[in-house]
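Letters are used for the chains, namely A, B and C, taken in the order the chains are written, and counting of residues starts over at 1 for each.
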Amino acid sequence: MRDIAIIGIGMIKFGELWEKSLRDIAVEAALNCMKDAGTDRIDSITIGCMSGGLFNGQEHLTSLLPDYLGRHTTPAVRVESACASGGMAVRSAFMEVASGMSDYVLALGVEKMTDVSENIETYTLATTADGDYEAFHGINLPGLYALMAKAHMEKYGTTRNQLAEVAVKNHRNGALNPHSQFPMEITVDTVLRSALVADPLRLFDCSPITDGAAAVLITTVEEAKKIGKQPLVIISGIGVASDTIALCQRKDILKFEAVELAGQRALKMAGKTINDINFAEVHDSYTIAEIMVIEALGIVKEGQGGVATANGITSLNGKFPINPSGGLKSKGHPIGATGVAQICEAVLQLRGQAGKRQIKNAKTALTQNMGGSGGSCVIHILEAK
Amino acid sequence: MEVARHWRETPERYRMEAGKCSKCGKIAFPGRMICPECGSTEFTKHTLSGKGKIVTYTIIRTAPDGFEDLVPYAVGIIELDDGIKILAQITDCNPEELKTGDRVVAKFRRINEDGKTGMIYYAYKFVPDVGI
Amino acid sequence: MVGIVGYGTQIPRYRIKIEEIAKVWGADAASFKRGLNLNEKSVPCPDEDCATLAVNAARNAMSRAGINPQEIGALYVGSESHPYAVKPTGATVSEALGACPYVHTADFEFACKAGTEAMFVALNLVKSGAVKYAVGIGSDTSQGSPGDALEYSASAGAAAYVMGAENLVAELIDTHCFMTDTPDFWRREHANYPEHGGRFTGEPSYMKHVTGAVNAILEKTKMKPEDFDYMIFHQPNGKFPVQMALKLGFKEPQFRYGLLTPTLGNTYSGSSPLGLAATLDEAKPNQLILLVSYGSGAGSDAFIFKTTERLLKVRDMAPRVRKQLDEHKMYLEYGQYAKFRHKIVKPE
């Protein structure tokens, strides 16, 4: 297997991009990526998109996107793993280059969510749950995370305020990110005064509906060195794991087994432990998700995610910064783009280009991207060399 | 129109029929072809008791399509006396008064419908076990 | 010998008080309460309909019957609120009970007597020897037009009866029908609410047919009103059945268990079958019960049952009617009630 580097990243400002279409935002991110890489060589494309069909009435992105990228004969493959589609697309790109099949692969994540009514948005997100045995019964994604939040509060004593602290911290970081959809600071009170969505979760516990795209260009370390990229950012570990689609079928609904296993696999591949990681971008689709993810990764002890967040451990200047980008909560959560955007942020930090939100001496990063209520997870370990 | 998709779940939704692994005894609901515990492919039919207790629940305030008139309604994970957990609505209650650990019992209810002229979907919901 | 092997009921948990309805329409609640002996009525939850009430009642009946559902040879549901205009409620109920596929089913409609029609056919099929067990169910989530007198009474509930030839809780002594074409109440195809003939629903309709059925069965069996321990008449309100009973020579103790309307309302097809269930909940073995339904259009079915020793053994295997009626009630305001009953029109 060949060693892999990321030589280009491309983000766009996330938001409700009324004037732009699915193809517009995907191409914009790809152009930014090629510009950043300083090359337009693309041998192959992996696309992360959850549901062009339901959001845009558009499948077959493996024709549409190469076509509008001005290279309609370039091979493309689309990867779907619900909200983890983006991270999985990066993994596919990694494998394609590592295997020697291609030398330059563009991993392109995109989701254009605002072209449909809120009902269809909610319906589409709920298709990431068990359609016949969860969504059928009238539960949606916030509802499933609310079941976890309620249980977490009852079992570990996590408080309503601690949940809110996750959102407060991520908005504080997101306010420093020019690509953020909601770059404003909020307080615990903002969260507690927002509308109940599914008790105990409120509107400000939930990531927003977002249009967005992000891209990374992957090649071998050897090629990257030829180009002379400094510092060189490599992908040293990847882990993927799955869990039951239905939340209720898990042995412990408060344990993201897929996150735990994917984390262990990625760290093992990179030859690292969680203590070697300087910061992480994690999948805070809901405030409770971030709390449970940092527990599953072993960043904090079981049940301590809420307390740790409230104590500032995961803040930008804390012991283990989580979501310096602002996370899904503030930066936005364009489903298929999210996993790629996390990697863009990690690369920016590792290059020392993250501006006001730069973490000092960031050398090793972890990105964690998961689908549905935790039924799939992909984790990348990135290092600055 | 989604007809077959719902019709084929009739044994599970109308009668709570599950599969019980002939090798390790694990109950799977809905039924499966491969036992997630031991990998066996031999199952026998097991009808769930329909009685259990609430493990966790939420109150849905922003409902998916077709559920708007029920808001606010409770959805919970129920641990059945059979030893397995299932997700369902908890109806016939003031959701604000529910508590984790409350005993509940399954009833046959209307879940949703395909618009005003389409198919009506029925299945189990749970109600507080107050003996009515 | 044929009769009832198991019985079961389901009444929704929600209620609305007469005052709450009267308040909206500027009506005099006291006159409804006094004049029609109505205090409150049951209201189905939006997730309940004729089919769900029928299934839940039938499951209770099966608990008391203690039979294998595969031995059910026929199942009939009587209702004026079948969820589908075309597609049998009976198929849904049979499937939920686990009675399919060797089961005959049909949906009955005869205004408020569709439930006893189902029971009548079930009993006679068992009697004929065609099937071992047959289920007859009366179930309704009846509709009263907003502001109409019917809105004060139209309620929801179901009673289910498993009929058989052995292990009876009540033996059928005899039946008799009385039916004519009388236009006192109807609902046309595609109409949301029924229409009725006002006072015409009284004397030439309810009174005439109930009297006709009672007289016919008494004559046929050579029995007198005082021979019965209990009697149940169809109860569109709390006034008609009492007036009728007293006029025909019955006395208050005979209908003390069966008269449910004052706090239940008119459950239409479920009405007299629920009254019978409430009576079976309290009767002793070897007691005689007269059941007379009434359905607009118009007709009455009369039945005489005699309770057995087994009744006492199975009674507590399912909830009693009074428990469903009196306990754990949840009261609605008119706005919630209007939402529950789809009286608030929203754009499609």
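Worth a mention:
Following the convention adopted for this analysis, a residue touches a chain if its C-beta (ideal position, glycine included) is under 8 Å from a C-beta of that chain, and two chains touch if they have at least 3 such contacts.
Remember, it's a predicted structure, so these values are computed and weren't measured experimentally.
Averaging the CA coordinates per chain and comparing them to the mean over all protein CA atoms picks out B as nearest.
More C-beta pairs touch across the A-B interface than across any other pair of chains.
Chain B and chain C, compared by their mean Cα positions, are separated by 29 Å. With centres set at the average Cα position, the gap from chain A to chain B is 32 Å.
Distance between chain A and chain C, defined via averaged C-alpha coordinates, is recorded as 58 Å.
Those residues of chain C in touch with two or more other chains do not exist in this structure.
Each of residues 70, 89, 111, 125 in chain B touches at least two other chains. For chain B in complex with chain A, the touching residues are 5, 9, 30, 36, 55-67, 70, 73, 75-77, 85-89, 100, 111-112, 121, 123, 125.
Touching chain B in their complex are the following residues of chain A: 119, 122-123, 126, 132-140, 142-143, 146-151, 154, 195-201, 244, 246-249, 253. Interface residues of chain B, counted against chain C in their complex, comprise 10, 14-15, 69-70, 89, 91-92, 94, 107-111, 115-116, 120, 122, 125, 127-128, 130-132. Within the complex formed with chain B, the residues of chain C that make contact are 11, 13, 45-49, 51-52, 55-56, 59, 83-84, 92, 95-96, 98, 319, 323-324, 327-328, 330, 339-340, 348.
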